[in-house]
Each structure stands twice: as structure tokens, then as C-alpha cells.
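As written, the chain order gives the labels A, B, C, D, E and F, with residue 1 at the start of each chain.
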Amino acid sequence: MSALRSDQRLAAQLRPLTLEPGIAPYASGSVLIGFGSTRVICAATIESKVPSWMKQQGVKGGWLTAEYSMLPYSTLDRKPRDIAKGRIDGRTVEIQRLIGRSLRAVLDLQKLGEHTLWIDCDVLQADGGTRTASITGAYLAARLAIQKLLDARKIAENPLVDSVAAVSVGLFKGEALLDLNYLEDKDAEVDANVVMTGRGQFVEVQSSGEESTFSHEQLETLLALAKSGLQELTALQAAFLQKHLPAPAI
Amino acid sequence: MSALRSDQRLAAQLRPLTLEPGIAPYASGSVLIGFGSTRVICAATIESKVPSWMKQQGVKGGWLTAEYSMLPYSTLDRKPRDIAKGRIDGRTVEIQRLIGRSLRAVLDLQKLGEHTLWIDCDVLQADGGTRTASITGAYLAARLAIQKLLDARKIAENPLVDSVAAVSVGLFKGEALLDLNYLEDKDAEVDANVVMTGRGQFVEVQSSGEESTFSHEQLETLLALAKSGLQELTALQAAFLQKHLPAPAI
Amino acid sequence: MSALRSDQRLAAQLRPLTLEPGIAPYASGSVLIGFGSTRVICAATIESKVPSWMKQQGVKGGWLTAEYSMLPYSTLDRKPRDIAKGRIDGRTVEIQRLIGRSLRAVLDLQKLGEHTLWIDCDVLQADGGTRTASITGAYLAARLAIQKLLDARKIAENPLVDSVAAVSVGLFKGEALLDLNYLEDKDAEVDANVVMTGRGQFVEVQSSGEESTFSHEQLETLLALAKSGLQELTALQAAFLQKHLPAPAI
Amino acid sequence: MSALRSDQRLAAQLRPLTLEPGIAPYASGSVLIGFGSTRVICAATIESKVPSWMKQQGVKGGWLTAEYSMLPYSTLDRKPRDIAKGRIDGRTVEIQRLIGRSLRAVLDLQKLGEHTLWIDCDVLQADGGTRTASITGAYLAARLAIQKLLDARKIAENPLVDSVAAVSVGLFKGEALLDLNYLEDKDAEVDANVVMTGRGQFVEVQSSGEESTFSHEQLETLLALAKSGLQELTALQAAFLQKHLPAPAI
Amino acid sequence: MSALRSDQRLAAQLRPLTLEPGIAPYASGSVLIGFGSTRVICAATIESKVPSWMKQQGVKGGWLTAEYSMLPYSTLDRKPRDIAKGRIDGRTVEIQRLIGRSLRAVLDLQKLGEHTLWIDCDVLQADGGTRTASITGAYLAARLAIQKLLDARKIAENPLVDSVAAVSVGLFKGEALLDLNYLEDKDAEVDANVVMTGRGQFVEVQSSGEESTFSHEQLETLLALAKSGLQELTALQAAFLQKHLPAPAI
Amino acid sequence: MSALRSDQRLAAQLRPLTLEPGIAPYASGSVLIGFGSTRVICAATIESKVPSWMKQQGVKGGWLTAEYSMLPYSTLDRKPRDIAKGRIDGRTVEIQRLIGRSLRAVLDLQKLGEHTLWIDCDVLQADGGTRTASITGAYLAARLAIQKLLDARKIAENPLVDSVAAVSVGLFKGEALLDLNYLEDKDAEVDANVVMTGRGQFVEVQSSGEESTFSHEQLETLLALAKSGLQELTALQAAFLQKHLPAPAI
């Protein structure tokens, strides 16, 4: 049986989840989410138009685009801004595509109408799990933004058909750990990010062992651990929305 | 005599100043500053090296660089990120150069030793005066960061030789107003940004009337109004530092 | 039980694998791989130096970098070159990072010595599965290039500790299919790419359902199907190397 | 009282102004302006259309855009072209925005009709004051270009409602100097650029002390000195236009 | 009289020409051309639209655009991709403009109708003469693509009014050589590229002596040598098309 | 026999050559050259260092680099700056490479010592022949700059081993014309640029017929015409240098 982790957690224990709504008042919906020391500003902004390629290709309904960025002071060594380097790095591209796919998986684009939902995730403090915190917070920001559309009667029905959350799991010194912090993530033999809906369906499973490989059995252990953590996150999301929405959350 | 302003202020009244330290815990010093609805994350990060051009040119001492950015959800209409447009716009360049000059005016680069002080100002909510709030907050973030250098005995003496703050003033429907909000700023006939040290010396005076011009007398009225506001901001900065620094603030 | 697929395959059947060595004679090792109509030039080039960041960070051993590109005439509608658009798109970045991680997972960088192994995958014809064909062919190109280092006695031992191959699987109209072609891939409800070593360990599992979600049971079905296909690809890789290498292939 | 300056001028003396019309015959109006050794090609070109954002926002009237560049051989050490560095530097952006605002301050955009006036300022030789020479010359180039519109009866009335000129002033070894050359500018404690109309109204006042600060009294001294220089420049502009325009200059 | 060249050729002898049709099956027409070790993928793709500038300027007919690239493994030292450097180098620009002009010289753009013919030349192996091989192969790819338009009755008549081919010639140690390989090209005193139609008219003559100069007489010698090689290439093109086209080639 | 040309010239007549030395006093050597209405600022600047690739490759001697640009007001319709488009266009790249090769052909890089000679050609007015005027003027600017090195005894011997000049010729309505102006150039069936040394050796011959082709005989006619014009230009260059150099010009 395992000893406590460096931050005194059990192997199957999430970091404390913190949620502060309204961090960016000019966004349609926003939340400052914390997975322990990892803190991400998640904002959802609604535009009353859709990308031009949708018009050109005759695609109906709305769209959702996600952008992700690490603020330069989010890491212990200052991280240069993308614009200073002139390009977005590969890791950022992967993450913002993952956030976008994860949210679109629970979003009925037809019911969204001719709106674009912009999801912005800016990391204020990075201690591992910034992409999973981003997805988990982005869902809440999106739900708050959707409420504004509903309240303004611009759409008739909530286009979010389920909730979505994400968590990381990994093998660290042979042990399966939930919700890795930076030090654990850096030295994990295998690292997986799992995105799941509130009803327990997978949206994405990304499991990778760059310096290592992993067996099917180990993957199963990691997926089971992720699912338990995701059920907990789903419950916390629902509680948050119950408090901050007029109507019952999905 | 003038009526109250749209936000119920008097002509010579600042918006409420709010200051929240530690918004970005991985920065060497940070503060979330609010000038009314305008809110800016100001972070100062210390690097133990200097730009390569200083080495090449044989320049001694340290350096300070400032970067400024508006987060995409800081405006009512979402503002695309610089990296999405592929370039920093002219306004951003002007502002980050102004912030850098303003801080360097009160910083003894020799006393800073071989360190670079990075100043990052990211606007969370923009309601006019983002550059003046940035300068006013950046001084506080820099002072907190310097304290870490002093506490770690990496430098012997505080290289900040004075405090610095900034405020906007403008002529709006012929009346001189202090600390313009977005609506006032947009329609002001003349707009000036004034940067002043704690001892009352000017660092920068930038007065411009794009669609209009202004007389020497009007400039004098604006400068006097700015000075009164800056004395108030200086006092609030000192009070903040007295509370958050072990030693008496400058 | 399912009907034949559009290209007359069974659900669990790979497309014909074709392998043509020496397509790029100036590379250290090269192969033109075909997964049915999908054809990719895979080339491995050895440089006798390592990236500067390794020197700076004091990291020992060698490095492997992968680049991926679709030639403009690889698709039925001409695809503009990256340089014409001025940037690499997000999908390309994801794929070249995946290829790099997959190869590094079976490469002992210490045993590679101070060499950089450049992996280039250029798609000549794209009919689905370009990333999995790239990984499968890149391993062969790398193995041929390594042989040149061994033959020239620049390294003492083969740094490739296992073989690696990749295949796609997906749910298409509810049925699990192996090695999706373009039309299947485009309309699949769930799409997974699985990278596995010759010894049957996973390197990467990436399963995604953009317009859909999937259950744990469905994931298991897809993984089992992928494993059977990967065993077949591993055997074909070994046969190829037996023919084209002086010593027995790994 | 002060000794003569390095170029034998008195403290309150302008450098010799030289003006050569028609330097760029294909522009609508052009002048080669010299402030002593500082020489700038100022050209104004008229396009019979306006920027697309004006159409989109429903803004009526014309527009004026300014661009500024230092030719690579304008400095004693060759200055790389913007395109060689891939970007416009911050100083250039500030200057071209300043030139644009200065000209627009005396230009009635409604009276300009649906025309864009392009102002190009290319520095042939840089000895301090390139931005003030640019503004002073750009007004003349613009006036000559406007005459072509008037002569061709494309507009009914001169849209330039006043003239505009600019000059630098600074504190150098404690003394207020007019129209700084490069060596004075480089070592000045305080540097101000003042843009004024022919009728004596300010357009811009930009006063900065990067390594230093300045008092309100010092600012007043500098502004008075600038005004005397600007009256002289205004008179020289008027004399030039009297000679080169059919009708009396504004 | 001269000895044999390093690759056992006579001075006036072409390298073996190899032609493999259909290398890129998704292109409208494609050929892998070899001039000895130099091998280039030449592909022609038809788009049923023309560039927007043609519409704007009211230009009728079709268009042809050429792009050229060296694959990173085409040289003995790996050549970084254009996108990795962020820009196309000057040599590439020159070559793709040359290819475009050469093909347009034998193409009746009116008869092409509202189509764009994209010519892509990607060098698989570079041993001198990549631009001349590109032109020679591009004509064949274009002819095959045109046949598809004819067969589909999208155009009534072959818009290619002649064939076109290219070859290099040079002075190497004072001797005029045909079809230079890399080592000859690198050390040639004078290097000329000659583009000629099947009927023997010149399309381009580019003769350059960077480290050297050349006389009119030497130019004549080179041109005569080029013409003899080009007649041979023209015959080989015709033979290829006779084999691969239903109708007699031009 | 032909009628007079649109600018009253004979077919074999150059436009008036004008030469104004010292146009850019901070360059090491400069000249404003006019070929009729075409006017180009040619400046040569000496740097006391060589490109880093020369050091890395162990190449001895000096270097010469040329840059070419059209000022935005050099054409009747304003031409956007390269930096506004973010890239140098293909035509510019071709021209600056041609200027560089032409000057290097008469420059002994060993005798230049460890200096870089920067050649900048900025077109002030474009009426055809800007590249040939640039080469012809650049030689003079380079010669003046070299004189400064000789006078300062930084080099012992003139590294320019010959003079160089360039002229365009073309077939216009079937007639061979010398030194084409813009209107002639635009409609010429064949256009050739010929670069020749003072001793009558060719440096470059570039002959192209984009919409047309040309016979060997026509090429000969054009070359003969170019040579007569180049002899005249060489004489005018020599006269200019005799006047502006202390020692006899080459």
C-alpha cells in the first residue's frame, strides 16, 4: 500500500477544487477554477455570428472554438508569450484542440443557433493538470454563458446535452495516481488524460508513455481511477451550477 | 459647475482603487489592481540574467522590460489575441513601452545588479485607463518582487528610488475630468496620460487631441487635475505597501 | 454479422501493406509505405550533432525529431503548402509530435550517442490513416538508418530496443472497423489511434469521439481489434527488415 | 547664459530648414525636408477609396494613414530594414501613429470626400528630430496633394483647416534647447516633442524623461521654447506654400 | 579533346532520363522525372476557379501557378523545410517563378477556360539540374492533366500550343558541358539554364557567371550545346506522351 | 525603319543618364541615378565584419549583399511596403539577388578584406529599367565607398577589378528597342536584361518571353543592341568617377 503523496494526498484523491464565478465580468460566463495550486481563468463569450467557412459550406447551426494560453507568470520560470516567439507552440495547439473537441461533444450545435461560443482558458498558475482543469472549468463557463442566451430568449433550449469534466491519471513509481501535480506529472512513467461526460461516457482517452510503455492492464487501472475522480468532479460541477443558475443544472 | 458623471463621480474624483496582492503566486510579486471596473493583473518576475545586448555593449547593471496585453474577454466584444492576428498592434506597443519607461524612471539599474525585472500587465476587464492602472499596479508588483531580492540578500539596497503612479485626465464636453472611464475616454476632446513619481516629478506627459486641438491654458488645467489625483494614488500605494511589506515602503 | 466494407474488406482486415525501400537515396534510411491507397514517404536522416538545448541543459545522449507534411497533391482537392499559409496547422503539429513520441518510446537515446535522428514523413496520397502509416514506416526508415551507423561503427549497439507500429480503429455505423480509409474515418462515430511495440506494450492510445461519446466497453472492443492488427503489422515489419538488413531485425 | 551648441547654434535657434518640392514626382505631393542634416522624403498619395472598415462601420468621409521608415543608410551604422527583421519596431509604430494623428487633427475628413491620403515619410539622413521633420514636411506634401484634388475639382474645398508643424525641445546639461540634433537628443535629460497648429493650438505634447524626471516648471520652460520655434516653422511653411501653390496657403 | 566526365559521360551527353507516370494518383497528372540521380515529383492539379485578382481586374481565361520545394531528405545534408525557417528562400522563389513562366509560354490561357493549373515540383533527390528537370517533367504532368479536362469535355481544345523542356549547360574547367550534375554545377565558371519549346524557340535564357564573366562567343557555344540536348529531351517527351496519351501528343 | 518612340527616342537610344553623388551622406558612397524618369537611390555602406556563415565555414575575405526596394510613392498607384504585406515579393528577391551577383562578379572578395559591402537600391520613381539602373548606379556607389576604405588605408588595393553596368532590351511590336521605359516594358514580346563589365564580358544574360517565345536570331539582335548601350553607359560611369574620385577610375 502506498505512502502519502508529496502534497499529503492519497493515491486516489483529487486536489481541492475551487470555483470562483464572475472572474471576467465582461465575458458571457466565467469562472476561476483551481485544481490545488493550478488555477485557470475560464471564460465563455458569445458572438452572434458563425465562422465564414460555415456559411461557405452551407453548414447550419452554431460553433464553438477554444483558445488556451499560459500567462507568462504562471510558471516558476517566466514563460515567454506566444506573440514574443511569433508562434503558438505545439503543446498549446494540442490542448486548445482538445478543449474544443471536449466541449463540442456535449454541445448540440443546431440548438445553439447562429452563435459562436468562444472558450478562453488562461492559466494563472500551473502546477500540473492545466488542460484538465481548463476543460472542467470551461464547461461551467459555457453553461453560465448559455444561461444568458436562454434568459435573453435568444435560444429556446439548453444546447448542452450533458456535462463534461476531465482529469489526469498516471503511473508514478509504479503506482496509479489521480490528478497529478507538476512534480508527479514530470516524472510519471505513463500519463493519461481522460475526458468524460456527466453520464459516464468517454469523450477522449489520451494515454501516453513517452519514455516508457504500458500494458493493457495498466491502462485499465488508470481508466478506473480516472472514472472515480471524474464522478466526483461531475458532482462538484453540478453543485456549483445549482448554486449559480436559476434553473437546475444538467 | 458640473453635474455628476455617468458613474456618479465628481469631475475631480478617482474611481475606487482596489488592490489584491498575490493574484499570481508564481510571480516574484503580483497585484490585481482595479480602477473601478478596469482590472489589471500586474506581475513582476525576476530573472537572474540580463538581455544579451547589454553584455555585447558592455552595459552594467540590470534591466526592466514590460509587456502589456488585453485578455480576449476583457472587452464587451471579444478581442482576438495578438497571436491570432500574428502581430502586436500599435497601441499595445506604445503602452508597453510607456510602462517600461515609467518604471525605469524610478529604478536604479545599477543597484538592481544583474537581474531582469519582467513586468507583465494583463487586462482582465477594460473600462478606460488600462495603461494608467497598469503603471500604478506595476510599481506595486515590482516593489513586492524587489523585496524578495532584498530578503534573499541578492541585492543590498532597494533599487527603486521613488514610487510611480499614473492617471488619465481629459476634456469631456469642455469639462476637465479625472480618471476617465471608457465612455468618457471614447468621446473626450482631449486625452492626457500623466505619469508622476511619489515626490511629484513628472515622468511622462502625453497629451493628445486627435479630432481636436487644445490650448496651453487647457493643458495647465488638465495637469493640475492629474497632479491632485496622482497625490491620492501615491498615498494609496504607500498604504498598501505599509501593510504588505515588512519594512516601511518608499 | 457485417457486410463487406466499401473496399471489399472484412471489418477486422488491414488494407494491403506495401513497402518500397530506398525511395529517397540521400536519406540515411527511407521507405515508401502504403496502407492501401494511403502512401507516405518515410525518411530518416542522421545528423552528427544534437539540439543546442541539450548542450545547454547538460542532457547526454542523442535526440529524435519528427516532421510530417501532406504534399499538396496528396488530397483530391489540392491542399495549400504550410509555407503558403505561413504556419503549420494544428493537426500537423499533433501528428508530428505523436510520431516523435512513438519513435522515442522504443529508442534508447543514450545508446544513440551524440546524433540526431530526423524523421520526415511526407504524404504522397492520403486515404485515411496517414499518421499510423507514418509511424509504421518511420520505424523501418529509422531501423535502416541505424544500420548505417552500426555499419560505420559510429555506435556500438542498436539503440532501438523494440519495434513500433500504429493503426487506426473506429466505430462506423456501430461496427468496430480496423484501419479506416478516408470515407470511413470521416464518418466514424469514434476514432482511435493505437501505437504499440512489437512486444505488445502500448505506446499511445488516443481515442476521441468529436460528435459523439463512447462507453468503456466500446473502447475495449476497439483496443482488442487494434491489437490484432498491430500484431500483423509487426510481423510484416519484421519480414521486411529480415530481407533488407544484414543482421536479424529486432 | 549658455555657450554656443556643438553646431554653433544658440539654445533657442532652429537648424536651417530646407525644402525641396517634387522629390517624388509620382506622388500626389512631395517634399524633401531638411532640419539641418536630418533629411526626410515626405510624400502624400491620394487613393480614390477608403479603408474597408469605414464602409463596414458606415463611417462617412475620407481617411489619412501615415507610414514612417528609416532608410538603411540614414544612420552612421547601417540600420537593417524592417522586412529583414520581419517586423516594425516599437519606435516606428509610435512615430507613424503620431504623424497620422497630427495630420488628422487639421484635416476635415468629411471635406476630404471618399479619398485616402497616404502619408509616407522615409528618412534619408537621421540627425535627431526625424519625427518632427516628418510632421512638418508631411503637412506640406499633404497640402500639395490636396491642391491636385482641388485643381481636378474632385473636392470643392480645402479640407485642411489649419497648418501643423512639430519641433523637439529638451533639457541638455540643465539647459533648455530647441530642435535637438542627434548628439543632444541622445544625452538629453528630458525630451519633448510638441505638435502645434498654425493658429497656436497644441495637437500633441509628449514629454518624457526615461533616465530622469522633470518638474512642472521645467515643462513650462520647454513648452514656451517649443512655441517660439513652432511659430517660426509655421511662417516658413506658409512662405513655401505661397511660392508653390497657385492660391494663398492656409 | 576532353576526357570522360566524373559520371562517365561525354561533354555533350545528357544523363539518363527516367519517367514514371502516376506517382501521385490524386493529382490530375503526375510524373516522377529523373535526370540521372536528380529526381523530382512533378504534379499538375486542376482547380475549377481562377485567382481572385483575375476576377477583380476583369482578366478572362485561366491561370497557371507553379510551386517548387526541396524535400528535406533530397540533399546529403538534411535541408530544413521552408516552414521551419518561416520563409521561402530566394532561390526557391526564382525557380518557381521560372517554372511558371516556362509553362505559361506554351499555354493558351484563354483556351484553358476558367481553370487554374497548379504545378507542384518536389525534389526527392538533388544532384544538379533540379529546375530543368522540374520544367521538363512539369510539362508532362500538365499535359496529362489537360487530357483529363479534354476527356471530361470541360475544355474543347488542348490549350498547350507546344511542348517545353529545359536543360543546364556550363563552362567547367573551360569546357562546355551539357546537363551538369551537382559537382559540376558547384564548380562551373559559367552556368546557363535554357528553356526551349518543342519547335525550337527559346522561352528563357539565363546565363550567369557569379565568380566569373563570359564572352559572347562562350555564350554561343553554350546555347548550341543546350539546343542539341533540348532536341533530345523533346523527342523523349513526345515518346512518353505517345505511350501514355490516347491521342497523339503535341 | 522605325518611327520615333513614345518618348521621342530612336530604337537604339538610351534615356538621358543623370547622376547625383552624395544623396545619402551617411552611407560610405551614394548616388541618385536617373535613367530618364526612373530614379534610384543607390547607397553602399561598409561594415567592418562579415556574415557569421563565413566564419563558420572558414571562408576568408569579405562579402557583398544587395537589397532592393520600391518606395511606396515610386509608382503611379501607391505600392504597399514589403513590411505591410509581411513578406518580400518574388520579383524583389530576384532583383536583389541579381544586383548582388552582378557586383560580386567584378569584386575580388579577398582584396576586400574582412568587410561587408551593403548595397541598397531604393527606387524613388519607377518608369521601367529599375534593376538595370540599380546595377549601374550601385557600381558607382560601391566605387565611392571603396575609395573611403582606400583613403583610410583599411585596404591596400581597389578590390573592384572592373566596372559593371546593365541595360534592358526588348522586342516591342517586332522591333528591338534599347532601355525600355515602363510602357514599352509592359507590352514587349521579349524582354532581356544584360549585365556587362567595362571590358565587354557578360556577367548575366536574362532573356524571357512570358507570353511569347523568341528565336536565336532575335536573341542575337537584342544582345548586339544591349552591348552598344552598355559601352555608352560604361563611358558615362568612367566620366563620373573621373570627376568624383581623386585617382583615375577603373
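Following the convention adopted for this analysis, contacts are C-beta pairs under 8 Å (C-beta built on N, C-alpha and C of every residue); 3 or more make two chains touch, one makes a residue touch a chain.
Note that this is a predicted model, so its numbers are computed, not measured.
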Exercise for the section: Could you name all chains that are in contact with chain B and with chain D at the same time? Expected result: none
Fill in the blank from the handout: Via touching chains, chain A connects to chain C in a minimum step count of 1
Problem - Length of the shortest touching-chain route, chain C through to chain D - result: 3
Practice task
Work out which of A-B, A-C or C-E repeats the contact pattern of B-D, with more than half of the residue-numbered contact pairs in common.
Solution key: A-C
Practice task
Same or different, please, for the chain A to chain B contact, judged on whether over half of the interface numbers appear on both copies.
Solution key: same
Fill in the blank from the handout: If chain centres are mean C-alpha positions, then the most distant from chain C is chain D
Handout entry: Chain centre separation in whole Å, for chain D relative to chain A (CA means)
Key = 52
Fill in the blank from the handout: Averaging C-alpha coordinates per chain, one finds the centres of chain D and chain F separated by a number of Å equal to 33
Practice task
Send over the residues of chain B in touch with two or more other chains.
Solution key: 86-87
Practice task
Indicate which of the five shapes (line, ring, star, complete, other) describes how the chains touch one another.
Solution key: ring
Practice task
Name the chains in ring order, counting from chain D in the direction that reaches chain F next.
Solution key: D, F, E, C, A, B
Problem - Residues of chain D touching chain B in the complex - result: 87, 90, 93-94, 96-97, 101, 104-105, 162, 197, 201-216, 219, 223, 227
Fill in the blank from the handout: Listed in rising order, chain A residues that touch chain B in their complex are 23-27, 30, 37, 41, 43, 45, 47, 67, 69, 71-78, 81-84, 86-88, 118, 120, 122, 124-126
